[in-house]
Amino acid sequence: MSDGFLVARRRWRVVSAALPGLPQLLTGRWGTGWTVLLTWLGCLWVLTARYERVIGALGGAWDQSLALVTLVVSLIVAWTWSWRDVSGSDRPLGIGVSQWDLAARAFSKNHTAVAGLIVIIALYLVALLTPLLAPYDPAFQGNLITERYVGLSTVHPLGTDNYARDVLSRLLYGARISLAIGFVAVSISVTIGTLLGAVAGFMGGIVDGLIMRFVDIVISFPRLVLLITIIGLFGSSIFMIVAVLGLTLWPGTARIVRGEVLSLREREFIQAATVLGYSKRRIILRHLIPNALGPVIVAATLGIGNTIVLEAGLSFLGLGVQPPTPSWGTMVAVGRDDLLGAWWLSTFPGLAIVFTVLAFNLVGDGLRDALDPRLRT
Amino acid sequence: MMEPMLRVQDLRTYFFTDQGVVKAVDGVSFEVNEGETLGIVGESGCGKTVTSLSVLGLLPEPPAQIMAGSSVKFLGDEIIGADEGRMRNLRGNKISMIFQEPMSSLNPVYSVGDQIAEVLRVHRRMGRKEARDEAIRLLDEVGIPAPDRRVAEYPHQLSGGMRQRVMIAMALSCEPKLLIADEPTTALDVTIQAQILELLEELSLSHGMAVLLITHDLGVVAEVCDRVVVMYAGQVIETGTVNEIFTEPAHPYTRGLLASLPSVTNSGRRLNSISGTVPNPVDWPRGCRFRERCPEAGDGCEEEQALVTLESAGRSSRCCKTEAVNLTGAG
Amino acid sequence: MVDRSARPLLEVRSLKQHFPVRRGAFGKVVGHVRAVDGISFDLWRGETLGLVGESGCGKSTTARTVLRLLEATAGVVRFDGEDVGAMDDERLRAFRRRAQFVFQDPFGSLNPRLSVGAMLEEVLHVHGLAKTNRRGRAVELLELVGLRSEHVDRYPHEFSGGQRQRLGIARALSVEPDFLVLDEPVSALDVSVQAQVVNLLDDLQQELGLTYLFIAHDLALVEHVSDRVAVMYLGRIVEIADANHIYSEPRHPYTRALLSAVPRPDPINRDDRERIVLEGDVPSPINPPTGCSFHPRCPHFGKDEQCKGEVPILDTTRQGHFTACHHQDAVVGIRG
Amino acid sequence: MTRYIIRRLLSAIPLVLGIATIVFFAVNLAPGDPTLYFLSPGMTQDVIEQMRINFGLDQPVHVRYLRWLGAMLTGDFGHSISHSRPVLEVLVDFLPNTLILSACALFVAFLFGIIIGTIQAVRQYSIMDSAMSVVLLFFYSMPSFWLALMLILTLSLFARNVWDLPIWFPASGIVSVDYDFLTFGEKVRDRVMHLVLPTLSLALVLTAGIARYMRGSMLEVIRQDYVRTAKAKGLSEAVVVFKHALRNALIPVITLVGLYIPVLFSGTIFIETIFAWPGMGRTIYDAIFIRDYPLVMAGTFFFASMVVVANLIADVLYAVIDPRIRYE
Amino acid sequence: GGSDAGIGSNDPFCQQVIPAVETFMAEAREAHPIPDEPRYGGTVVLGTIGDMPDGLNSAVSSNYTDAQHQQFVGLMTLINYDAGGEPRAYLAEDWEVAPDGRAVTFHIRQDVRWHDGEQTDAHDVAFTYEAVTDPLTAFPNAAFWDHYVKGPDGVEVVDDFTIRILLEPHADFMDPFRTLGILPEHLLGDVPRDQLKLHPYGTQCPVGNGPFVFAQHVPQDRWVFEANPAFPEALGGRPFLDRYVYRVIPEQTTLLTELLIENIDVYIAPRPDQAQQIIDNQNLELLNFSGRSYVFVGWNARKPQLADPRVRRAITIGTNRAEIVEAILQGYGQVANTGVPPFHWAYDPGSMPSLAYDPDGARALLEEAGWQDRDGDGVRESEDGTRLSLSIKYNTGNQQRQDIAEIMQQQLSAVGVEVQPQVVEWGTLLQQINTPDLRDFDGVVMGWVVEFKLDDIDLFHSERINQPYAWSGTDNGDIDRLLEELSITADRTEAMALWREYQELLIEEQPYTYFYFPDRLEGVNRRVKGVEMDARGEWLNIKDWYLDPASR
């Protein structure tokens, strides 16, 4: 490694310490550069512009504390990432590169997918930071006579709704609900699906038959009936919605995992594991599941998007999240009645859903290409 | 000497990939004469398939690109850069091709009869009925029993050997001048391989058809070829008649290859092996590409090697030591 | 050298492996693939038995059944005097430390997500070997198969085919076995690389006193590496003898046809050779022909009703060269 | 083949019955019953009891279940409470509408999905490829009711009242009110006009999925040896792609027929409501809220059966397209 | 036209009935040619969000729209009201009330024919009366008949066109005969009463005697009616319109779009938020009139937090109802303090104690009742630590009720009352509030549609406390007494005083927080002329609607 390079490296480090992301921008790496720089600037802006709230969050409710932690962590991450990025890696190229590394490399070449990923990260950041970010309390109703259905303005950048609440604040809080619903429901369904699918595929025989029949029933089962029953019996709450979605969405994953396991089971390295005297548990956990994980990750990513849309659908039927809790789904569903009068009520949450789901889908597609060694060139 | 039927000159086919430029075929020249069987041998990945696909213009572009300066002349006409229509008229008509995997080279969803008839209908403009009758005749010719029944069957209903026969029948249907066979027997059992090779020999004789046989099995080459081209790392490193190659190989690689075959020259238990592996096509070694594995490497091997024509006609080698070897042999 | 008077390390007796063929929604068994249909052979310590035959004749199935990757349908496999089929989990683990498998496909037989070091260390961990210095042992193993220590952190896809095959061998050797089943270990490799691996196997055998069951379809290679050779056809052994015997005086018409079909890299004499081209394909193991299963393709002039009606048994009366053919003595009458 | 179909149908009976049973207990366990829906002040508990008896709700759940099962096995699905008619008649009214809509949506979705997916695969990594992906995903990412409303606003309201376009689509219903007085040609046109928006709303969402699947499948197929063979035969690119590759690439896509039917049916609940399309999805949905047990049961039963049939159709199509698959 | 009757043509009843109607109508068209006048002809399409569940079967239906079609479209009632709410003749030409107020005798018109040609006579009236008063029928508005002698004992057919009905005196005793469409005895007389609800008559092939003849019903999609040429000349004869189509469009944005693109002519009951869109369109006209419904929050006084009337009153005055009317209803409505609606003769808000928005008053009342914020969390507690925290339930899909709950949450938090809005699916909600031994709610946002004959006995009388509708669990002897007296007082001036007293008690007791009387809004295309709508109903004079000839 030449001295000149080391000098350059040191110089970049200084720049990056001052303004993370700038070195990347100056060297033409727009993706990393803008992500780091905007994260950094955004966090700084929150720190200064929402100074009182940041102070208040020190001893505040759990979500405020979480927001504070997020703020600090993102600052540190942005800074160290940029630092380490310009410092370069000492690992020689092309040696000890795992399948995951390869996938990451392939993924990073897919620009639309990377854009999607950045959007998603930004969304989660915003969702976590909402208590510090949102201009108003999402449930705060202004003057019903004068501040109702106010269009876009500087006071209310995205207008106000039928109770004179600030749409932007509700949109930000809605991000928390919608993203959380997607994330949790998919975690549940993916866990169940992966386990049942792996067991069905590996055990075969009667176990397989029973699990797959069960899968058939759940797939053909009218979800709405289940929802009404559950909501009727237990009352409607975010928890119930997440549970119902999580408990009905797993068959897809189960089928994928089962198929993957079935084909892996015939692969020679699994047989090799058997000849080497490995236990079944070790084979499933260490050799089967990691290799079957690719499609699951893809399915999970796409699933989060689908779940957000599904939640919107439930809201349309009046079965969504309880008002006044803002979820994007309820906001679109409620605002649709005013589409002709106050278009901003459903348009912004609608677009939020579209772009979020789009981002998840782009990432999912990118992951599919990156994780499947056959599609990698 | 008359003009060869197919003359490939300085063919260079590169793949432009994320990993870099794969110089799969990097200056290949050879010719195929009327009626002869030319074998191309070489290790996996040395560029045999890419060479044959380049000739027919079947490579996907991008990522493949046939570099300027390459030339492929068929019956005197340049076909690199020929328009799609002319190429289509050549393919399956004047030049046919059969592939390595009989299992996957036939379309699983159409009956074998349909697939053979399709060629006839495209190139010979035959009617449906006529084409089908001709397909049956062809199946009969390649030795498929009960061809009138088989014609309606689908590839999965046939064994590997039979599928390869179907491929041959398809390739023969328009009486091509040249048949390119890319490892036609590699996937088959020895007994079936023997059948197919015999069939190919018979047919090339009876149809007066030249065959370009690509293989990595030196035994197959020895059995059926008239002349041999040995490839290594995207280049031709040696050419000659089959006897010359096997009895007095000029290039150290050819010698190593022959030596590593079990049982023929190896008397003891140990085989002579060529150490190392084929280099990476993204980054061929400079100089002689075989240098790193060559037991005879020495001075002059760092230079880029040229294909040197040796004393007998059509015989050449890409080794700076060849002349010396020959000189000592002569002297 | 091999001591044939001692008790064989591996004794296989009338081994059968039938796979049920299922149809329909309820998985009714409508027939069986007779992949291995009653084979017997012995394998002595330190020797190499070559197993050849056409694709689908049951070579791999034999290998897998011998190592109890598949439960045998019938028959006995004894390893060092112990019935492999009767082993409990404990004994099976012990057995698997002594008998290992090297697979054909160098791409499919390594877990793509584990680095070489992790792979080898896992084996050592499971069997409680080299407790103090697993990494050192892993490097040792790599060096044993001719790879270098810096390879230990690489992943399978970062190796060439030949190197991967070496990794497979290193993995098999990591448990310090006595016996290796090599299922076409070099078929997927180029000739030049093939020779490297064959030599490596040879060296290891010399060094570690290993016993090999070597499966291949390349007859020349088998002749080269084996002490004895068994020829399989449709799930049965048709001939088994010392390597030099079988090549110099094959008795079974199938063996003869097989040998003659192998292309020889010898262009000068190519027109003088006797060449027997068999007709037709290998029949389906679901409905094998009656009697001698080779009879529909058999080019033997003496072929008769006996061949069609009666299964020839492996004639063990002749010292060291057993053949399953009703007409094994009339070796002259083969159509060329 | 026929035997296979019959066997498949027979083996699906437990599935359908299983679903019906779960649904039966689910709707019956949900709080409330249909009498509540008809209650009004002045009605005493006695009147409610009388109504219960009129509706046959006075029996315990398991007795009702057995009765329902027994009746259903003889083809009697009972009387719909909210429609005051035999359930079968209600189904006969609504099912065809839903089927027409679903069939159109499925057809449009597959047609566009297959074409777009093929183009994308053949021109992999081109601008067109990514543009099509993003546009389709955009629609795919929309909640379907919102997409439907957007279509109404743009292609119906704004098209007529704001942009004065020559063509705009009716926003609701199956036919115009003056349908009976139209000539045959006008009737056809009228029906098509009413189908456009609901079909689009349902289909656009599916198209993205199909195209994505098709693209992947096609990419795999055009790398296959037999496609190279087809090219080596001297066939034109169109023939190679649309004859040799397409049919093979369709094989995995066929499974989507079975997979998308439940998706489509749940989509109809939204679409039928928004477009005032008198179909099964909306009817079952209403029936669930009214606790019209017989109708819910029958509706679910038919939807489940339809899913089974769709899967069967997918399997049969499989066999039609892929000669390697033969059922006996 | 309308040849293919939508449904039910395979039902034996309908198969028998439809040809008869067609035959008679063909004859009638011959006999009564369309007058040569430009107002005649054309089709009006009306759109609304729901189907008519029971159609013209007046014996079993409780739905507002059903009732309107029975009164004004397909069937005839004995009488109807004029704009001042005074009875006038309709199917009954004339009537006499017995001097003691215990009987009324109706003289039925002799020129009214059922649409299948049969004459409408006193037997039909008797049949209908007996059917709706028979408990087996389970007539849903049973309270209507509280002052009548039920069953065959209460009715006497004097002759074919005269009928006497026995009753208890009451101020609005005629009202049921305004709402009850008379049914054809010759078609339904033999139907077992407990089967009437499921009979195909109502929705598949109703045969009426009103100005419009049923032509087609496609469930969840449309009803088509055609002009009845045989409608008595004395009552105006044939309607101007040829056809009237009732379309079901469950989504309000779609409905509005259809109105704006002139696919429908009348949009029944758009949301107040949509009013501006209609006003802004020059082709459309927005009608509004005071409706017959009111919206309220019913309190479950059985709950410890709500047992004290002062708490309930504090909640009411702690809610800015005027602001809600202004905002949510865009001013299309009036604040309600009791359940006596503006159209009613007993309506007299001026004389009532005020319940205007008064948060300070609310706080004072709560303090007085012992609710104080003892732990400083902004919510009041009682002495034993019970928090003044209430859940207010409402049903899914009703935006205005949600609005009330959410705004109450906001406004009441200012007086230290915690409100949790809770949306519950309709069937579940009904079960939770109506089941006497469950009553699982604190407050519930609901609405009532009332008739001209007001009657709160089911809601507030302590005897009914275990009946489904006694949500509030009110047990107040004074209220009981007044309700009883009101139900037997026939004289309006006397009744008026009682009503005033009763309303004062209601304001004191606050079993409900009454919110507002919403106006009915209607979007009507200007090409439809002669439309009159008021509290009596939207279909009031549909017979007299006609189309601007230029627009046809």
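By letter and in written order, the chains are A, B, C, D and E; residue numbering begins at 1 in each of them.
Everything below uses one rule, namely that contacts are C-beta pairs under 8 Å (C-beta built on N, C-alpha and C of every residue); 3 or more make two chains touch, one makes a residue touch a chain.
All of these numbers come straight from a predicted model, not from anything done at the bench.
Trainee: For chain D and chain E, what is the smallest step count along a path of chains that touch one another?
Mentor: Tracing touching chains, the least step count from chain D to chain E comes to 1.
Trainee: What's the fewest number of moves from chain B to chain D, given that each move must go to a chain touching the current one?
Mentor: Contact-graph shortest path, chain B to chain D, evaluates to 1.
Trainee: Determine which of the two chain pairs, A-C or A-D, is joined by the larger number of C-beta pairs in contact.
Mentor: A-D
Trainee: Name the most central chain, where centre means the mean of Cα atoms.
Mentor: Nearest to the common C-alpha centre lies chain D.
Trainee: Cα centroid separation between chain B and chain C, in whole Å?
Mentor: So the centre of chain B lies 32 Å away from the centre of chain C.
Trainee: Indicate the whole-number Å distance between the mean C-alpha point of chain A and the mean C-alpha point of chain B.
Mentor: Result: the chain centres lie 52 Å from each other.
Trainee: Between chain C and chain D, what distance separates the C-alpha centroids? Give it in angstrom.
Mentor: Averaging C-alpha atoms per chain gives centres 55 Å apart.
Trainee: Please compute the C-alpha centroid of chain C, do the same for chain E, then give the distance between them in whole Å.
Mentor: 89
Trainee: Which chain D residues reach two or more other chains?
Mentor: Each of 30-32, 149, 153, 157, 289 in chain D touches at least two other chains.
Trainee: Touching two or more other chains, which residues of chain E qualify?
Mentor: 253, 425, 427-428
Trainee: Spell out the residues on chain D that touch chain A in their complex, using ranges where they run on.
Mentor: Of all residues in chain D, those touching chain A are 14-15, 18-19, 22-23, 26-27, 29-32, 130, 133-134, 137-138, 140-146, 149, 153, 157, 212, 216, 219-220, 262, 266, 269-270, 284-285, 288-289, 296, 300, 303-304, 307-308.
Trainee: How about chain A: which of its residues touch chain D in the complex?
Mentor: 112, 213, 216-217, 219-226, 228-229, 232-233, 305, 309, 312-313, 316-317, 329, 332-333, 336, 339-340, 346, 350, 353-358, 361-362, 365, 368, 374-375
Trainee: Can you tell me which positions in chain B touch chain C when the two form their complex?
Mentor: The contact residues of chain B facing chain C are 43-44, 159-162, 189-195, 197-198, 216-223, 242-243, 246-247, 256-258, 260-264, 266, 269-275, 277-278.
Trainee: For chain D, which residues count as touching chain B in their complex?
Mentor: 224-226, 228-237, 244, 247-248, 251, 321-324
Trainee: Which of the residues in chain D come into contact with chain E in the complex?
Mentor: 30-33, 36-48, 50-51, 53-54, 79, 82-85, 89-90, 93-94, 149, 152-153, 156-157, 160-161, 168, 170-174, 176-178, 180-181, 273-276, 278, 282-283, 286, 289-291
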